[in-house]
Structures are given as C-alpha cells and as structure tokens.
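Next come two complexes built around chain A: one with chain B, the other with chain C.
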Partner chain A sequence: MTPTTTETLRSRAGGLKLWLERYPFLPALIIVVALLALNGAFSPNSLSYRSLTGLLSTYMALIMLAIAQTYVVSAGDIDLSAGATLSLVNVAIVVLMEKWGGGAGAVVGAMLSGILLGLICGVINGIVVATLRLQAIVATFATSIFFTGIALYVMPVAGTPAPALFWRTYGGRLLGLPFVFYVLAALALLLFLLSRTRLVTQLLAVGDDQQAAYQTGLPVVLVRVKGYALCGLFSALAAFCLTGDTASGDPLVGGKMTLYSVAAVVLGGSALAGGWTTVVGSLLGALTIGLVNSLVFFMGTPSEWQNFVQGLAILLVLMAGVLAGRRARA
Partner chain B sequence: MNVAISFLKKPLVIALLLIVALLYLGESLSPGFASADQILRLLIVASLLGIVAAGQNVVILGGREGIDLSVGGVVSLSAIIAGNVMNGADGGILPAILACLAAGAFFGLLNGLGVTLLRIPPLVMTLGMLGVLQGLLVVIRNGIPSGRAAPGLSAFVTQPLVLGIPGIIWLWIAIGLFMAFMLNRTVFGHRIYAIGSNEHAAYMAGVPVRRMRIGLFMISGMFAAIAGLCLLGYSGSSFANVGEQYMLSSIIAVVFGGTSLAGGKGGYTGTMAGALLLVILQGILTTVNIDESGRQMVFGATLLLLMLFYGRGRAMRA
Partner chain C sequence: MSKLKMNGVSKAYGATLALRRGDLEIAAGEVHVLMGSNGSGKSTLCKIIAGSVRPDGGEILIDGRTATITGPQSARAQGIGIFYQELSLAGHRSVEENICLAMLPVRAGMFIDRAALKARAARYIDLFAGVSGDGFAAETLVGNLRADQRQLVEIMKALASEAPILIFDEPTSALDRAQVDRFFDILRGLKSDGRGIIFISHRMDEITAIGDRVTIIRDGETIKTLNLNETDPGAVIRLMVGGAGDMPASRSSAPAVASFSTGAAMTVDKLSGAGFRNVSFEVAKGEILGLGGLHGQGQSAVLRAIFGAGAITSGGIRIGGDHFDAKSPRDAIRRGCAYVSGDRGRDGVIAGRPIIENVTPIHYLRDRLMIAHPSSLREKAMPALAAMHTKFASLLHPINSLSGGNQQKVIIARWLIDRPDVLLLDDPTKGIDLSAKADLFALIRQLAADGLGILLYSSEDAELLGNANRILVFNGGSVTRELIGEDRTRYNLYQAAYEAA
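== the complex of A and B ==
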C-alpha cells in the first residue's frame, strides 16, 4: 500500500481509529483508569500514594515478565518458560548474594550474573524454537521443566532470605521518592531506547509475515533467537523486582506467573499471532491484573469467592482486550 | 528401502519403538519395571492422560490455533463434582457421570462460543476459562466437604475387570476405536480435517464451521470430565487441583502422537502411543534414585530430545 492511500483510508475511517492505530494501548489504559476509579469508589484509601506505591512494587515483577513475553509474541512466538526463568534467576541471585557476603559488591555481582543467566535461558529457548524448529508452545514448556530442575538444584526448598541491603533498597526511598519509581523510570527509558532499535522492527516484521521477512533478506532465525534473548533479559529483570518484593528465594515462584504474563500481553491489546504488539499495553495489562485482584478484595467479596470473581473479571477484560485490539487493527 | 524409511518415520511407529526402548531401559535400570503388573499400572495412568488428550486432539485437529488450556480445570472440577454426587455410594455413579458430562459440555460450550462468535483466539479463551474454573474449585471446596469415590468406580479403575485388565483400560481402548471410527469413517470426522487444513475452503464447501468448532470444544470438555471422574476413582478422593498436570502434558501427548499443532493433520492412535510414552518416561524417572531437581532436568531435556524425532517445522526457503 502506498502512503497516499493509507492517508485517505485513515481520514475516512475517522479519528478514533487513527488514535487506536497510533496508541494501541488506549483500550488498556481506559480499563486501568476505570479500575482505578472503581478501586477508589470502594475504598478511597486504595488510591493513596502509599497503596499505589505498594501495588506497583508488588506487580513490577509481572510488568517486567509481561514485557518479556511481548518481545517473543512480536515475532509470533510464545515463551512458556518465562516464569521458570524468573524462578531460576531469583534463586540464583539469592544464593550468590549470600555466598558473596551480602554487601554492595555482592549485590551488583549477583545481578550481573542474573542478567547473564536470563540471557542464556533466552538463547537456549531461541535455539530450541528457531534453530531446531520445534513448536514453541511445547518446546518452551519442556525447557521450563528443565529450568525448574536447575532452580531446584540451586535451592531445593524455598525460604533462603535475600540480604537486607537488596530488599531495603527496593522497598525503600531514594531522594524522597519510592525506589520503585526509579525502576519504572529506568524501565520507561529502556523501552524507549529499545523501540528505536532495528531489532524490535525486525521482530514485528517476522511476526507479521515470516516468509515475507525471509524474502526481504532478514535473518529470520537469528531475529527470533534475539527475541527470546530479550525475553530472557526481561525475565531476569522481573526476577530482581520479585526478589526485592518477597525478599527471599523460591524455586517455584514463577511457575504460576507465566500464564499471567501471556494474559497481560493480550489484555494490553497485542495480537498473540504476532506482528502487532505494544509493550506499554503489556505494562498496563499487568497492572490490570493487579487492579482486578485488589478491586475484588476491596469490594468485600467473601474470601472463598475471590478467586472466582478474579478469574471471571480477567476473562471478561481478556475478551474486551482482544475485541478492542482487533478493532484497532481492522 | 524408501518404503522402510517412510515406515520408520511414521509418528506412531516412532512412538512405539521409543516405548519399547524405554521399557527396556526401565527394566535394566530397575528389574521388575517391565513386569506385567507394572505395565498394567502404567497403562492405567496413561489411560487417564490419554482420555484428556482425546479431547485435546480433536480441538488441535480442528485448526485455527486450536488448543484447550482449560482441560486441567475441567478434570479437577469433574473430580470434585463426581465425589460429591456419588459420595461413596455405588448408586450415585450414574448421576455423577451425567453431572460431570454436563459440566464438561457446558464449559466446552462457553469456550466454543468465545472462540467462534467473539473470535477470541483459543489460547486466550481457554486460558481465561482456566482462571474461572480454578476460582470455581475454591468456591466449591469451601462450601461442601470433598466427597469420596464409590467402591464400584474405584474397582473399575484399579481392579481387573475382564481378562485381568482393569475397566478403565478397556474404556480407553473403546475410546481409541471410537475416535478412529469417528475421524476416519464419519462425515463429522472428515469435516474436522477439512476445517483444520483450510477453514475457508471448508466453509465454501458447506461445512458448518462454527457449529463444528463449538462441538469440538464440547467434546474436549466432556473427555476431560470423564478423565476427572476416573481420576477420582484412581485416587479415592479429590484434592486441590488434581487436574492441573494434564493441561500441558495432554498437548505433549498429542504432539508425540504426530498431530501437528497447526491442525488438519494427525490422528488419535498416535496420541495414545504418545500418552503411554510420556507416562513410561515419568515412570522411569520416579523409579530411578535421583532427587527432584535431577528428575526435572532429565525430564525436560528428554522431552526436547524426543520432540526432535517428530514434526519439526520447515526451514525457510525463498
């Protein structure tokens, strides 16, 4: 399609579609704002600076994991081992920090090793899925079992505490602002820088039409491996946030988060088929899951009904996310 | 020569050869692994997985990224429903079967409606449904005490019925025959392959694509429900999230059976062998004396290795 025809199509389709096309995360943003308002209506206290900071520091790990998932989904792949990678990095850094004495040097050293470990997990997934051409869903499930095995080897039972320096920093304040705000700012900067790279465009091209991307001369296999590596990197960052929040190591902590990360990607308005994704949407999608959970609590739902109402609400927003996303792409 | 190679490349043949090899390996690692009793026990466990995989299989065959992540939730729900309906009495078995099938069909219907009418991708729809089902499990478990299996059901699953073989294995064989007949000899079966390989062409040829797809999800829900009922008979009483393990292992059984996740290609006979293969592999790993971490590492690595024998994607060509 030539630029001119796109222009005319856009002007004919009206303003809303143009907005959706430029900011595909808008529906997710509306859902987040609505959920915030509902939370406030049921419990004004839930909108206080303090509880919002708490919500952010609790769900920062899921935000990171959802963003990790977004990069593989961009290329039309999926990573069911993201949660296992998170667990592995979580136990590895806790053990390393303890072993190296728990000082500032130990924390930095452990985090660097954690990033390296995340990247290695990602590259393994990339090789298995893109180079060996196994089906992504089953192959990354198999690697997730493998990674969980290594995590259990590193720390057989949950409970080893992280050094105080680590979680005090994450949960504390810096220059009068909660530390998690700096994490968010750094994340925003990182996402902005990444969005300028060729890799993100290449991932989307591969996800949109693998054959066409190949015929234009893109190294499709390499691009997909890089996508998985990026996923591993963000899974490691997710592990840091989780460790800061829980202050301990748990070899099975991430298992349940994998499917939530996929849900958050869809909630954000990305297409699971690839080629059309939004990292900001995934961030909002992860927040949506957090806000739904807190809303169900603040509404005074009886405790035994909470999981059911949460499940139902998430199913409904998932449907809304898919429908709105399709409207935007149509 | 070529005939021999193409025969050896058939998924069913690969799976059967691997099964024999694994049984041999198990027997040499721990003598008695491949004894008749042990093989029967493995077959019982495999039949539970195989029944879930039957539903998963038709959904995947139907294409359009068909997959059912909610089967694990339905298995758990059905085990609870069955336990409460029969509550240890043989007279409650028939009502329990009906209640379970109804529940499975209901959640399958919801999945099917979401996938067809709202065109939600199956992965997303069934993932959301899994969350709902898990919530429902908590509600039910809090309201009423978990029930017990009727002695008749337990005997059907664990005790020899005919020719020294437990009823559930006969049931699995019957399901295998039924699936082979349905997929190969009925219009419905041929239409599954039709919508799986080219939905648009099938639609143009007059296949009621939507109704078909809804039907496939209902079949999947009902098979998961049957498996949940049998699982209750196997374990005696239902406990939290018994079905969770079946979610991804049913998909792997289907893949090991040579059915492509892209849909339209494959069958159930291979899936049966795939389920058995998976169960034997797990059996060997529990027999061998290594700790949990080593077991998981070996299991994950072996799954990857086995996948290499099956349908790898095609290389990109210009």
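== the complex of A and C ==
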C-alpha cells in the first residue's frame, strides 16, 4: 500500500508543479483574493463596484509600468528609468495638449507623440545597455536622471492641468461601463497578442541564458533593445493612465513608482534573473501593492505608521509568495 | 570538392594559444572525427567554424569559396549547424521551442506560427521516438529533463538547422547505448544525403563505428588526418600522445616521498554522490595521489564532495583515524582539510581585496580569530607567501593587481599558515604560466615530504605523470584503473581514459 500512496502524493505534487509552470501567477492570484477578502473584512464598503473601479483607475498606471518592467526583466535586464520615462511622457503630453488647444485632435496628437517619446526613451536605454554593454542597473539609473532632467525642463513645477476632455474620458463611463474597464480589456488583448510574438519568446530565451541564445544564432543585442523599446512603450501607456487619474502634469511623479514596478514583477511570480516571467502576474502584483495600501488605510493605521505597515505587509506577501512557489516546485 | 576547408586557422586568448594551427578538410558525405586530449583545441576549432569564436588568422572555405563568418547567425546562414558540448538550451522554454529557436516560424511577420513550430519540431522529436525516455514530450520544459534528454534536445536542435555542414562536439557523453545507436543511424542517413559531419567523441568504439576519417589535434595543432579503416586505435592514441608516448614517466620526476609506513592520511570507502559512484581509495601520509582521466568524469565532484561542497549519498571518509563527514567547507577546513580549485575566480579569490586579506581567511577560521593585529598577521602571512615565491608589491595591494599565477600562489599560501592534514587540488594550475607551475609543484612535493596526504586532479596529463605516486583513472564517475610505478605512462593513461565506459 505504501508505494502507491507515495506515488499518488508525488503525482499530486507534480501536478501542482505543472500547474505552476503553466500559470506561474497562481500564488499572486491567491494573494490578491486574500487581500480583497481582508479589505472587505475591515471595510465592506471597499469591495463595492465603485471603490473597486476607483482602485483600478488609480493603480492602472502602476499595472502598466509593472508590465513594462516585465518585458525587460524577461531578457534578464532591468529598467530603473521606467518611472522617469513615465514622468517625461506625462509632462510632455500635458504641455502638448495645452499648446494644441485641448481638443480631441490635440489629445490624439499628444498621445501619439507620447508613445513615440516612450519608444525613444526605451531605445536609448537599449542602446546604452545592450549595444554599449553597460551595467543595466547603473546605466538605466543614469538615464533616469537624464530623463527627469528633460522632464523638469519641459515643466519646471508640477501642476499644469490636463484638458478636461482627457481626464473626464478616463474617469468617466462609456456605454454604461467605466472607461478603465475598456482600458483593461484593451490591455488584455494587447498582452495576449504580444505573448504570441516571436519577440517575447526570444526575450525569454535571452534571459534564460544569454550565451546560449547567442550561440543559437539569436540577434541578442537587437532582441534586448526591442525589449527596452517595449518597456518604453508601456511606460508611455502608464503615463496616459496616470495623467487620466491625476489630471495634471508632474515632472517627478514617476520617480518612486520605478521600484514599485520592480516589486510588482517579483510579487507576480517572475524571476528577476530573467527567462521566466508572467505579465498577468505583474498585473496582479501591482494590484497587490494597491490592495496593501488600501488595506493599511482601511485598518485605520495612524498616518505616521502607514509606511511602516505598508513595508511590512509587502514583505509578508513576498515571503508568502516565495514560500508557496518554492514548496510547489520542490 | 570539399564541403569545408580550413587553412592555418589560429586563436589566442591573451597569452594562451588555444589553437596554434588548424588545417581541416571535410568532404561531402563523410563523418570526420576530431581527436585530441583535454584542451588540445578541438572545441575552439568547432566554435570558430560555428562563428561563436572569432579566429585571429587563417582562412575558411565553404564549397571552395572563401567564407567570412562574423557570428553564429552568419555561420547558420552559410549552412553550418552545431551541437555545443556545453549545450545551448533555454531551460525555461519547451523542447519544441528550443528545437526551433534559431528560426522560429512566424505568421504576419511577428506572431509565432504554433502549428508550423509543432510540426517542424515533431519531425526531429520523432527521430528519437522510443529511446528518448520517460517524461520526454514536445511541451516539456527543458529544465525538467534529465541530462541525457537535454543532450538529445541539443542534437535535435542541431539537426533542425538542416545545415549541409554539421558539427557534433561530444554529443554522446551522457547518452545510453540505445540512444547512441539511434543517433548513429540518423548520422548514417545524413551521410548518404551528402552532408559533411564533424564528430568529436572520447569513446574509441564510437569513433570506429561511425567515423570515416580522423584528424588528430595535439597542443593546438592539427597533426595528421588518417582513414579510420586503415588504422588501429593504438596508432591513433600514439599520435595524440606524441613521440614520448611509450616512455614511462621519467624517474627523476618521481616525487620525493616520505616513507608510507606512517599510515593513511585519508581513506575513502565506497563513496557515491552527484557525478561519481563507488569510489574507494587511500592516501598515505606523504603521498601524492593523482586523479586522471578525461575532463568531467567525476574527479572534481569527488574532491568537492570530500570538502563538503557537494552531496554525498553513501560511503564513508576517514582522515587519520577519525570519521570525517564535513557538512560544509567551513566544517572541512576546521577539521584539517584544504581545497584549492583551478577556478580561482569562483572558488578562491576575494576579488578587489588586499593580498593580506586573501592570505588570511583560513587562519581566521581555524584560529577562531575575532580581532587581529595587522603586524602579527603580516608575520604569519609573509613566510607563507615567501614559500611560494610570490611576487607582489605590498600586502595591501588588491589581489587583482597580480597575474593569474601569482593569484593562485596567494590562494595556496592561505593554507600554509595552519597546516592541513589533507590537501585537495582540483586542477590547480588551470590558466597559469610555466614558471608558476614549477614553483607550485615544487611546493606540493615539499608538502608531501612533510607528511601531508595530497589528492591531485589535473587536466594536464604531464603534471599527473610527473608528480603523482599513483594515478586513479576516472571514467564515467568511477575509478576504472589504477596506474602504479612503471605503468604510469602516457599511453596507459590515455588508453584507460578513452576506453568505452
């Protein structure tokens, strides 16, 4: 009898491992559900349709930024300038929309310019890191200062408002549904399409083992530059969401979001070393951070202790996720 | 006309010549075997053809036309496919993705055509149907496969290049009999298609089974090309060894040995673990016991396991009379075991720190030193460094300012302050110059004469033959032969190493 028991145990553990391999974001999903439940326990109102929509529109920018980060992490790189890129695009589109009159044409024109700007920032990072072979952490830290410098030149002080058309659309409703739901649906479609591209597989292969990828004949440098370009693109999208949420330009707004985006990637179940990432996990990771923040608020933590509790909670969530993953893989 | 021709191709890494002169000609429809000992330049030669190493000189002709190979991508485009000895797989990608990774089939210019990818990969997976083992499927992640299965994936990946010139650098080292047979059937098929195949293996029986011609490489130089059906294994080994092959290790180089009567320094009994099994031996005090054989046959694994840095599944070790089972290197050091690795960067050097800090860590550990006075440390460090003839400007210079040989001397010196009972040397002379080697071996003999038991693994056979009292030849993770006294010849060493496992 004993052998059969161990056999089934092993196959069950193997089954869990298989599930985790196919859906590496499962632990993150469980944590999000648990945090939702906790939020509900402390304040039932926080689970209302209205507050969940609010949560989503506030944290959509971080979700986008975490996804941006995921693509560079896939290739074993990192981008510490993602937040600065976000800031730069934020101030640039606000200034452009104001300059061009704030109409529908101005909004679309500014957004296209913003996407182009994000791509340029990404390509600059890619060239610095992959072509010039500088250390990703330090090089993108340097470009982040550089991008912030340009953002401060474009808008020296925070506060220029975005046109009403822009933020009313983002915060409003379309055909009876909140606009962020459409953003989320569009994002889901975009992520699905991207997951099917050759580029994403190549990014992951490079992140797995760069030397092996090179020896296989992959254009490693080009692939890494494209990864950074993708990161720039999503940083620009993050800037749109942020502008929609805050309705104004701020040259320093993205600075502290960078490390939150890295944290979200890890919380989501991706390996920071590269080769093993999940964009859905990063989305959930960003939501986790949002939910922790709202939980700290709803628990009635005194304001001077909020940072302390926030940090502690993120550490706990990280530990829970890592332990779950390790046990399932063992 | 030859498919591939190399004329005088050379490659140097810094001062080391990896390939002095490579001349090679591959005809269509032949399996051309490359043979040579560890570090003779076979892999470098292959990597030059495959574009992952750029040659310093010489020319390469493909189908009679001069070819410029700028990288792996360009080599592929010019019809060269390769199996890398160290494999080139992405562990988190599936088997089928790995097989097609170099040329992922796409639709609309960017989306992976899953159906086409599956179909293409299935062609190569089916070639090994029945022998690829349990748990091998197109969707399995490569990281979850066994070593032999990973090797099969790398073979499939090389085959999927459909290149007219195929290079297989030790493709069979982890495969079992049935897998090798299937692979050879495939190779015969490719031969009849008129492909040119370069094949490297260390198993003589495989070479005679599949090879048409053989080119022997010795010390970075292609020596001679022979037809395999007109020659015998003995002749090939003699060519690999060079003129001095039949001579026993010269008597003058035999180590100065203290009397063995003082007893065993270390006894290893039926030791098994990751990468080795059932290894037993005894090292007497004052003896240098050599571990020989091809690279990666378990020699390093045994040494690391004894030192507590690798897993032991069964068996026992005794140092002196005491039972010895170090759980960590820290434990092993405290109990009088020393280990010097050839991989200084990974296992030895504390990069960027002063020489004195690099000489004293073992002393800290063994004396449980908490606070040390620099001048008293200096007194302990200087004689140890002097014993090694180490050249350095001052004890406070960073270790990186030294040459590789002098760095290794510093690493060895750290074990001389508090004498260990057993010294494990894991290819200690890798990448260091000749005079440093001479100093090093003079010291090792001195240590043996002082009564230490020394285990020496070296990838250079001359070092083993010149310094070891006995040589255990490793093959496939266990000791297959012991060479004592007059038997310690290059020829015997090679023959034992190249025997079919």
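Of note:
As a convention for this text, the second predicted complex is superposed on the first by the 307 of 330 C-alpha atoms of A that agree within 3 Å, B and C clash if a C-alpha of one lies under 4 Å from a C-alpha of the other, contacts with A are read in each partner's own complex, and residues count from 1 in each chain.
One rule holds for everything that comes next: a contact is a pair of C-beta atoms (placed from the backbone, for glycine too) under 8 Å apart; a residue touches a chain by one contact, two chains touch by 3 or more.
All of these numbers come straight from a predicted model, not from anything done at the bench.
Superposition model on chain A: chain B and chain C are shown in a clashing arrangement. Of the two partner chains placed around the shared chain by superposition, neither chain B nor chain C is touched by A:A162. In the superposition on chain A, A:D208 makes contact with chain C only, not with chain B.
Applying the stated contact rule after C-alpha superposition, one finds that A:L233 touches neither chain B nor chain C.
By the touch criterion defined above, A:F147 reaches chain B but does not reach chain C.
Of the two partner chains placed by superposition, only chain B is touched by A:Q310; chain C is not. With both complexes superposed, B is the one of chain B and chain C in contact with more chain A residues. In the superposition on chain A, A:R198 makes contact with chain C only, while chain B stays out of contact range.
With the complexes overlaid on chain A C-alpha atoms, the stretch of chain B that clashes with chain C is 182-190, out of 164-172, 182-190 or 254-262. Shared interface residues of chain A (contacting chain B in one complex, chain C in the other): 211, 214-215. For chain A in complex with chain B, the touching residues are 80, 128, 132-135, 137-139, 141-153, 156, 210-211, 214-215, 220-221, 259, 262-263, 266, 272-273, 304-312, 314-315, 318-319, 322-323, 326. Taken together, the chain A residues at the contact with chain C in this complex read 21, 193, 196-199, 201-202, 204-205, 208-209, 211-219, 275-276. The touching residues of chain C, when paired with chain A in their complex, are 50, 52, 71-73, 75-76, 82, 84, 87-93, 97, 101-102, 104, 106, 110-112, 114, 141, 157.
Within the complex formed with chain A, the chain B residues making contact are 65, 67, 69, 114, 118-121, 123-125, 127-136, 138-139, 141-143, 248, 251-252, 255, 261, 291-301, 303-304, 307-308, 311-318.
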